[in-house]
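One chain, chain A, links the two complexes that follow: it is found with chain B in the first and with chain C in the second.
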Partner chain A sequence: MVLGTYKEIVSARATDKQIQKVSQDGGIVTGLLAFALEEKIIEGAVVAGPGKELWKPEPMVAMTADEIIAAAGTKYTFSPNVMMLKKAVRQYGIEKLGTVAIPCQTMGIRKMQSYPFGVRFLADKIKLLIGIYCMENFPFASLETFVSEKMGISTDLVEKMDIGKGKLWVYTQDDVLSIPLKETHGYEQSGCNVCLDYVAELGDVSTGSVGSPDGWSTVITRTDGGDTIFKQAIDAGIFETKDMADVKPGLGLLEKLSAQKKEKNQKTIDKRKEMGLPVPF
Partner chain B sequence: MSERIVISPTSRQEGHAELVMEVDDEGIVTKGRYFSITPVRGLEKIVTGKAPETAPVMVQRICGVCPIPHTLASVEAMDDSLDIEVPKAGRLLRELTLMAHDINSHAIHHFLIAADFVPENLMATAINSVSEIRKNAQYVVDMVAGEGIHPSDVRIGGMADNISELARKKLYTRLKQLKPKVDQHVELMIGLIADKDLPKGLGVHGQPTLASAKIYGDRTQFDLDRFTEVMPESWYDDADIAKRACSTIPLYDGVNVEVGPRARASVFGGFKDTGVVAQHVARAYEMKTALSRAIAILDELDTSAPTLADFDVTGTNKLGIGAIEGPRGLDVHMAQVANGKTQFYSALVPTTWNIPTMGPATEGFHHEFGPHVIRAYDPCLSCATHVMVVDDEDSSVIKNEIIRI
Partner chain C sequence: MSLISKIKRFLGIETKPANEEAKPAKSGEVGASEQEVEKVAEENAKPRIGYIHLSGCTGDVMSLSENYDILAELLTNMVDIVYGQTLADVWEMPEMDLALVEGSVCLQDEHSLHELMEAREKANMVCAFGSCAATGCFTRYSRGGQQARPDHESFLPIADLIKVDCAIPGCPPSPEIIAKTVVALINGDMDYLQPMIDLAGMTEGCGCDLQKYVVNQALCIGCGTCAMSCQTRAVDMTSGRPEVNGDRCVKCGICYTQCPRSWWPEEQIKKDLGL
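Right, the complex of A and B next:
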């Protein structure tokens, strides 16, 4: 299946105005982690928190809703959240843990749960794994190149970054700049070219903007645990939802992009195999 | 007519050792010799010439029974060599790690001696009690030091991280809840050991005790000038045993000593009893002392305070000493760092101190009590091994010198 195994797909957004203001799209990750924390479904979450440099996130263990909200918004470079999971269940004392991860990290976490070498007593403590859609991810130096070289402004001025409609968008206080996505090609991390997962197929819940209107996200619930928590949050009024059939551009776009990633990267994999190079699958 | 009783390897202990007892017509031990036959690994050599941070990571693998004391003694030796002042919260967390480990290690020993003292109808109770205590103690080490067996977060300069307020409260609650369980366990074990009615005076010897502190350890109480080390050749009056023994003989003020819970209790707690039963009693009570201290640390700990000092690894070749009171006794690691590399490393470990004392402690009683005497020391041999080069073909000694573990 092009979207992986799932229970349900809906379009949703957080009802909280504060979350809407800081979130990338529908505020699903922020809203769901904050809800799980307040309902004591989790005791803390590893999130991509603000780092020393603007737009260079660092993994952070959030133990309050405020800390989760402070980490809201997409950063288009990696935050090694997986690294922080062990510390979260050790020194932070968290026995019920949530986290947010891009597809490759999601795969890593699931593998780590199956083969817990060096991470004893961690597997059973991950209660909520939210995966986010990802076509590719950029090293921080690439982001700096896009913003300061291609768009010609300092990264310090950037208030929000976004990818959509074939472009990388940068919002400043009084300007909106963009470059076509094809100009970013070649700047992604090389591993992205052999990744077949667009929609975080191993998450408890996966989410991203694609398929839903602006300000909304497409949410895929995949596991019993993920489905239950998301439904509880809807019942509690944390999220409002719409049927995917009723929204534009709709599920078709998500399926198309997922299929494109698989097809394109499978070619890279096949080519590497032909050349006798290693592939991760 | 004198006969020789050999127990090889001695059982229900860590590592491999041999107990050789000469007995008279009545079976009474007239001469006891105990020695390590665990092969040498060379860890002290491995860490030499490498970055100082390598040492704690490597030497904790000397043994899976007391990795915590070795890690702590190693970082303490490095701290001393590099003149590092460890922040208070770092010191408290190190101590907490050791207290939890002491409880765990003593509980394991109770499992090892269960077959000696626990009647069948109480066996399940005793073993469940051991398991319950260990589970909680190891949880503390996991949380504070990163891993229960080989802790990743005990570092030169302190500890990698402080614990969160949530973790502090959880550990505090858990250990408070563990207290009645430990009290009950200690009572049970002491009662059963008394019920065994071992002969009065069993295991009593005339050697002094050596301890640096009641808990944790204190390098200022270990005087290197009073320490000497001799080869087994000049210690064992039996050529064959001297040849096969793999540990050196450490002496303090020129004589062999006893280290461990009873030694600590006698030096710092006014504990007067001696012999096998006294050793078991002192060990059991130490579980209560360690638990009380762990609870007090969790009460006192400032979870927002720094735990790791800034330091420079260049070093001045100062001989650093780390003295840790491990479950089995004083564990001293010595290190010298210069030019950012470890120049010298030596580990002087608990059971090594006890080895020359343990054999003679079997004397004067029937040889059947020999194993009781040995187990009362909770010996752990793998770290004690320090010696020699043997021929691969016939295991004969080809070069006789101290090899660093």
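Right, the complex of A and C next:
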């Protein structure tokens, strides 16, 4: 199944104007984590918070809705969120934890839950795992190359970065710059080239922009827990939704991109195997 | 078919008698639900388990005993502890279905060597229980010269001396993995146990595995699972890659074991999530 096992797929966005303003797409991640916190489904969440340097995120334990909101927006470089999960439980005393993770991070978390060899009393405390779609991720130096060298501006001026419609977009206060995605190829981390998961197939709920109009997100509910929480949030008016059949570009694009990623990276896997290099998949 | 013969057949330890296929419906069920545990526990003879303590800190068996909620049920109704210091009042090592061996083996300690060899003879299955038995863990640093036995210098993972059937690394292994393993054993859930069987071959562990077998192999994706799982906090993440403080590393092998890019139990995870 090209989109993994799921219960439902809808197009959605947060109704809260403040969340709409700061979030990357439909504010699903921020809206759902804040809702789960409010409803005491979770007591805190690990998010990609602001780091010392602009656009260089650091995993952070958010204990309030404000802290969750402060971490909104996509940073196209490493934020090793998984490393903070244990700290959240041990040092912040969180018994019910939420987090957001790109597909490969969900893999680390799910493997730990099924096989917690050296990890005690953490597996069952993760109550909400929101997966975000991911085609690739970049070392920070690659981002610097795109922005400083290829676009010719300082990363300090950047207010938002986004990948979509075949381009990497950079928004400053009064400008919108872009480079074709082709020019970013070869700058991604190479571990991404064997990754077969585009749509966070192991999240409780997974979300990304692809398939929905600007400002909206495509939301996939997968586990019973994830489906229940997302529906509670809709009932509480946190999100407005549209049928996937009624939105453009629609589910077809998401399926296409997911299939393309699997196909391309399977080739890399096969090539590695031919060379005798290890591949876990 | 009894649980133990099922396991033995799987491991190729013993060929199964021809008449064992009599109850196919039951033996085919390998769900890990609690009713299932009870049912299987009732139907099958209780596995006889021995605990052999070599050069380890007893942390592994303490971790086992932290499963308060299932421990009483486990010890009274599900397994028979037939041998083990502090656990059973027995001096002669009996025949066992499973020997849990905690600790590495000291080459200068005749008694340990003898216990280990005897365990291999008397047990159908030997499990390296905890990282000291599995990888040598922090006893890998020993150079002898300490009181009370300055001659006790050389400590090895038990698989260096005997055939080991499965391993549960961890310093110590979490109470949950021990509970999950015992439940899987009782249920004959070989799918769940496969990684433990594979890990019997991992007799060396080190933080540098992350660099050698993940980063150097173009597989690291900066997820941070290694840093999260290191039990001595030897791993930090810098620029999206693990950075290991060798002075803190006890060579338990857990960081690499938990890394999603070392081995990937996809089917089991999907089953656990209901996906």
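Observations on the structure shown:
Following the convention adopted for this analysis, the second predicted complex is superposed on the first by the 281 of 281 C-alpha atoms of A that agree within 3 Å, B and C clash if a C-alpha of one lies under 4 Å from a C-alpha of the other, contacts with A are read in each partner's own complex, and residues count from 1 in each chain.
Assume contacts are C-beta pairs under 8 Å (C-beta built on N, C-alpha and C of every residue); 3 or more make two chains touch, one makes a residue touch a chain.
Keep in mind that this is a model prediction, so the values were computed, not measured.
In the superposition on chain A, contact of A:107 is made with chain C only, not with chain B. When the shared chain is aligned, chain B comes close enough to touch A:44, but chain C does not.
Set against each other, chain B and chain C differ in how many residues of chain A they touch, and the higher count belongs to C. By the touch criterion defined above, A:63 lies against chain B but remains apart from chain C after alignment on the C-alpha atoms of chain A.
By the touch criterion stated above, A:223 is placed in contact with chain C alone, chain B being left untouched.
Of the two partner chains placed by superposition, only chain B is touched by A:91; chain C is not. Legend: residue contacts after superposition of the two complexes on their common chain; A:139 is shown touching chain C, with no touch to chain B. In the overlay built on the shared chain, the residue A:121 is in contact with chain B and with chain C.
Common to the chain B and chain C interfaces on chain A are residues 86, 120-121. Touching chain B in their complex are the following residues of chain A: 43-44, 61, 63, 86-87, 90-95, 120-121. On the side of chain B, the complex with chain A involves touching residues 142-144, 146-148, 153, 161-164, 166-171. Across the complex, chain A meets chain C through its residues 4-5, 59, 77-78, 80-86, 104-105, 107-121, 123-124, 137, 139-140, 189-195, 201-202, 222-224, 277-281. Partner chain A is touched in their complex by these residues of chain C: 63, 131, 168-171, 173-177, 180, 195, 213, 217-225, 227-231, 237, 239-240, 252, 254, 257-266, 268-270, 272-275.
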